[in-house]
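Common to both upcoming complexes is chain A, partnered first by chain B, then by chain C.
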Partner chain A sequence: MQAVIKADKLSKHFGHFTAVNEISFEVAPGEIFGFLGANGAGKTTAMRMLCGLSIPTSGTATVAGFDVYKQTEEIKKNIGYMSQKFSLYEDLTVLENIRFYGGIYGLSDRDLQQKSETLITRLNLQNEAKKLVGSLPLGWKQKLSFSVAVLHEPKIVFLDEPTGGVDPVTRRQFWDLIYEVADRGITVFVTTHYMDEAEYCNRVSIMVDGSIEALDTPPKLKQQFSANSMDEVFYELARGAKRSE
Partner chain B sequence: MKQFFSFVKKEFYHIWRDKRTMFILLGMPVVQIVIFGFALTNEVKNSQIAILDNAKDEASSTIITQLDASKYFEIRQNLHSYPEIEKAFEAGKIKMAIVFPQNFSEDLHHLNKAQIQLVADASDPNVANILTNYATAIIGDYQRRINTNNVLPYTIDTETRMLYNPQLKGAYNFVPGVMAMVLLLVCTMMTAITIVKEKEMGTMEIMLVSPMKPIMVIIAKAVPYLLLSIINIASILLLSVYVLEVPINGSIVLLVFESILFTLVSLSLGLLISTGAESQQTAMFISLVALFLPTVMLSGFMFPVENMPLPLRIISNIVPAKWYYSIVKSVMIKGLGLKVIWKETLILAGMMLFFLTLAIRKFKIRLA
Partner chain C sequence: MRTLKFLLQKEFRQIFRDPSILRVIFIMPVIQLMILPWAADYEIKNIKLSVVDHDHSEYSRKLINKITASGYFELADYSNSYKQALHKVEHDEADLMLEIPTSFEKDVVKENKAKLFMALNAINGVKANLGGAYLRTIIQDYNQEIRLEWLQMPRMNIEPTIQITSSNWYNPLLNYKYFMVPGILVILLTMIGSNLAAINIVKEKEIGTIEQINVTPVKKYHFLLGKLVPFWILGMVVLTLGLFISWAVYGIIPLGSYLTIYAFAAVYLLTVLGLGLLISTYAGTQQQAMLISFFLMMIFILMGGLYTSIDSMPHWAQIITKFNPVSYFIDVMRMVVLKGSGFWDVRYHFIIMFTFATVFNGWAIWHYRKTS
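The block that comes next holds the complex of A and B.
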């Protein structure tokens, strides 16, 4: 199967500082790929390169078949993105937010109409559709934010610590949404701090000091590090880190 | 194009939902024009004065009546001795005291020479100057009247014509100034703040990951404020014509065109500020300190630039409002055309290009 993200010795330097050091990996279509690492390990920089926000210093990578150096515009059309900062407009209603994000991805009015209905029904927001997003609880906002990020049916959706500050029940519901999306064939590329979430991923990579130190399915990683949980695996690797905040 | 309109629509929602800000943006020019027009004026009217009349004769009382009858003065107190003059000034009640010596009429008619003392509060030098001038003129009037029979051997009559503003209305000066201030404030500060807000909220990142081009994001941000500014230009012009009775002597098309040009300069400045500022407070602070103050101080609106020391005069050239202010005065008050203001227009256009290029370049650097 053709990989949807392919990185080969991808690096990013800022002056003398090597933020990302020759990382190589592949992600298959429909896969849920966990991208783990301590703060400052280089996750965000790597993700920004894959999203076309930052030009790599060296190495090669393709996202949805497009080159990260030259075809960033094509990449942007084929990905969705949800940042760790909550990214909907609080002073717009639920519907207006949906229409706006659909609009900037160039969805037609008919598509937009139909998709926003489906989305609102799926999230049970019928009564809130015309309310300002600012009045919703954080968990709902995050689910909405995620649904909006995949509104235009991208090939890949990048999630940057999407569940920060949310209670476990809502997180579980959030992951149900992620599975639904993956079943539709959308690849999910997710960074997280929560190790229980790492267990939900198909495969997980762990970055330490700019390099990928481990990459496999959660069961195999646990086996490899003879650990009981992903938490222990992560701790084992992150302990050796020189960079930390 | 559809992307672009979705974005512009969203910007309008932001403005519309934030009623307080919208009210300020649209109400500010109206309030400023009204305040400047009716409350803050540097015309001197109804100044309180005191009289120490030691003569109490026919000539002194005629002059006093005339002073009191003029719209410039209002006699507040009649004093009885010199020490009272100082007390009256100390109490802050009067701006000027007028002293008639004893035997005023007699001196005038028999010695052909009499004196009146004008004592003015020069802690505000301009007002003191204006008041003594008014008083001298009124006294001069009286003198000419009693001299009608005696023909002076040589006389020079000065005939003054106040061009462009025959009634010496302050409004002719501040309407252009208020236009510059309002446009600058609305465009620069609001654009800077809204863009920085998107950065703070993290929504800017989402924009950058979307297929929407950064330049489109920037333009879409600016469009609603351009429209707001056009409304403001219209309301200022309507108020000044119909309420303050300041005419638009030149071409209104040219005036609106120049105002839009200045708006674009302000918008580019706002964009430039937004690329540098990380928080809304910083953006607001930079807009106020770096733009608003120089505009008030150095545009020639409050203080004439010609009288400033050389360094300030040089600095004033980089204040966009200075050029716009001079354009509005030329077009609106003097009724001049593009032939006279092409230089200022070019300078504004140059500034706009410069700021915009800089802003877009800085915006791109941030992405890499």
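The block that comes next holds the complex of A and C.
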């Protein structure tokens, strides 16, 4: 099948600093792709390039068939993005946020109506629908944020540490949502620091100091590094890192 | 168009949900328009006068009475010596000193000529200048009166004098409020417009919501338009409020048409909002945005012709004022309100303001980057 994300020697320099160093990989449609790495390894920078938020310094990449240099606005029509920082409007209600983001992606009134109902029911937010988003607990915010990012049925959704600071139960529920979305055929590109979450991914890449040092399915990675868990695999690779925050 | 609808809906909700913004928008102009025009008055009153009268004659007493009756002066001190009076000036208890020599009456009557000595505390240059001028006028007037008294006496030679009578066009009573209120209204509109627009976008940068917008297919001019339209409407509301206060409190009714004022304000608001948007594309934090707009605001206000006349600025400064949108609006306001100028009289102002609006907004759209 045609890859939905293709990166070839993609790099980003900030002055003399090489944030991302010639990374190459492909992601297949419907795949849950884990993008791992220590703090400062270059994950967010790489993700921002794929989302059309940042122009690469060199290398090539296409996302949903569009070029990351010239067709950033086309890419944006086909992806969803959930940043590290919570970025729904805290001074708008749950429903208003849903309708706003759905609206600017061009959903029709009927779609908006129907999708917001489904979403609120799915997340059990019936009582909170008219409350300001700022008043919700973090775990709920993250689930809402994710659901809003896939409201317009994008081809790919990019998640930048979506479960940071979230309790284990909510993290489980969050991954249930991710699986539901992947079942609908949406490709999930996710960064995380939780190694149990890495096990949930179809394939995992591990970045160290701006380069991809390993890329395979979790079982194969464990085999390759003769490790018992992804935790050990990650530790094996990341302890050699020279960069840290 | 549909995208814009959603953006506008969001902005209006956020504005009306934030009581502090609403307070700034509505209460600030009301208070400023109620207070500032009373304080920003060029007329100098309550000038503290110290008189040293060595003569103690009928003539000197008449002169002093005339000065204090004018209403501009306040007899702060009645000293016996120059030294004593100077002491008062040094302690800031007197602004102006008038010394009447011992032989004042005698000199006037017999020599036909007398001398008075006036000393000014020029730390406050405006006060000293105007105070001196007022005093000179009063003394001249007094001089005329004496002459009239003596006219009957045939042996006196009548010297010809030239008297100037002036009539003040467009503001016959020289009411400073007519002059200041329209100008202050312009400043208010400028501050509200550019500050709110600049801070609003930068706030989204700080919270991080702008990144979420940047990753959507929203076009950048849609996004900026979504920011511009709500504040444009609010600006027009503030203008209406300001014009209402001008009428209700100061009785100012423009001689010209309200339509001309609104039409110009519409273009003017596009300019200041565009400037605000432009600032926001350069500033990374709200502090930066505030400082930049504060810096510009100082220049705009002090070089806008509100307090000091542009015509009396040095040539290079006059060139700078040509790039100051505030000066054009103040000009138009005064022309329409006081002179009754119509659309045709301010057509060049319109053209220039359109150019400003296009440049600022175009620059803002060009410089706003969805992709870095």
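Assume the second predicted complex is superposed on the first by the 245 of 245 C-alpha atoms of A that agree within 3 Å, B and C clash if a C-alpha of one lies under 4 Å from a C-alpha of the other, contacts with A are read in each partner's own complex, and residues count from 1 in each chain.
Throughout what follows, a contact is a pair of C-beta atoms (placed from the backbone, for glycine too) under 8 Å apart; a residue touches a chain by one contact, two chains touch by 3 or more.
Since the structure is predicted, the reported quantities are computational estimates derived from the model, not experimental observations.
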| item | value |
| --- | --- |
| Fit or clash between chain C and chain B when superposed on chain A | clash |
| Partner chain in contact with A:Lys76 - chain B first, chain C second, else both or neither | both |
| Which of chain B and chain C A:His193 touches, first, second, both or neither | neither |
| Contacts of A:Ile104 with chain B and chain C, given as first, second, both or neither | both |
| Location of chain C clashes with chain B - one stretch out of 44-52, 80-88 or 116-124 | 44-52 |
| Residues of chain A that lie at the interface with chain B and also at the interface with chain C | 51-55, 73, 76-77, 79, 81, 83, 85-89, 91-92, 96, 99-101, 103-106 |
| Footprint of chain A on chain B - complex, ascending | 2-3, 5-7, 9-10, 13-14, 17-18, 201-203, 205-212, 367-368 |
| In the complex with chain C, residue positions of chain A that touch it | 51-55, 72-73, 76-77, 79, 81, 83, 85-92, 96, 99-101, 103-106 |
| Partner chain B, residues of chain A touching it in the complex | 51-55, 73, 76-77, 79, 81, 83-89, 91-92, 96, 99-106, 132, 158 |
| Chain A contact footprint on chain C (complex, rising order) | 2-3, 5-7, 9-10, 13-14, 17-18, 207-209, 211-218, 370-372 |
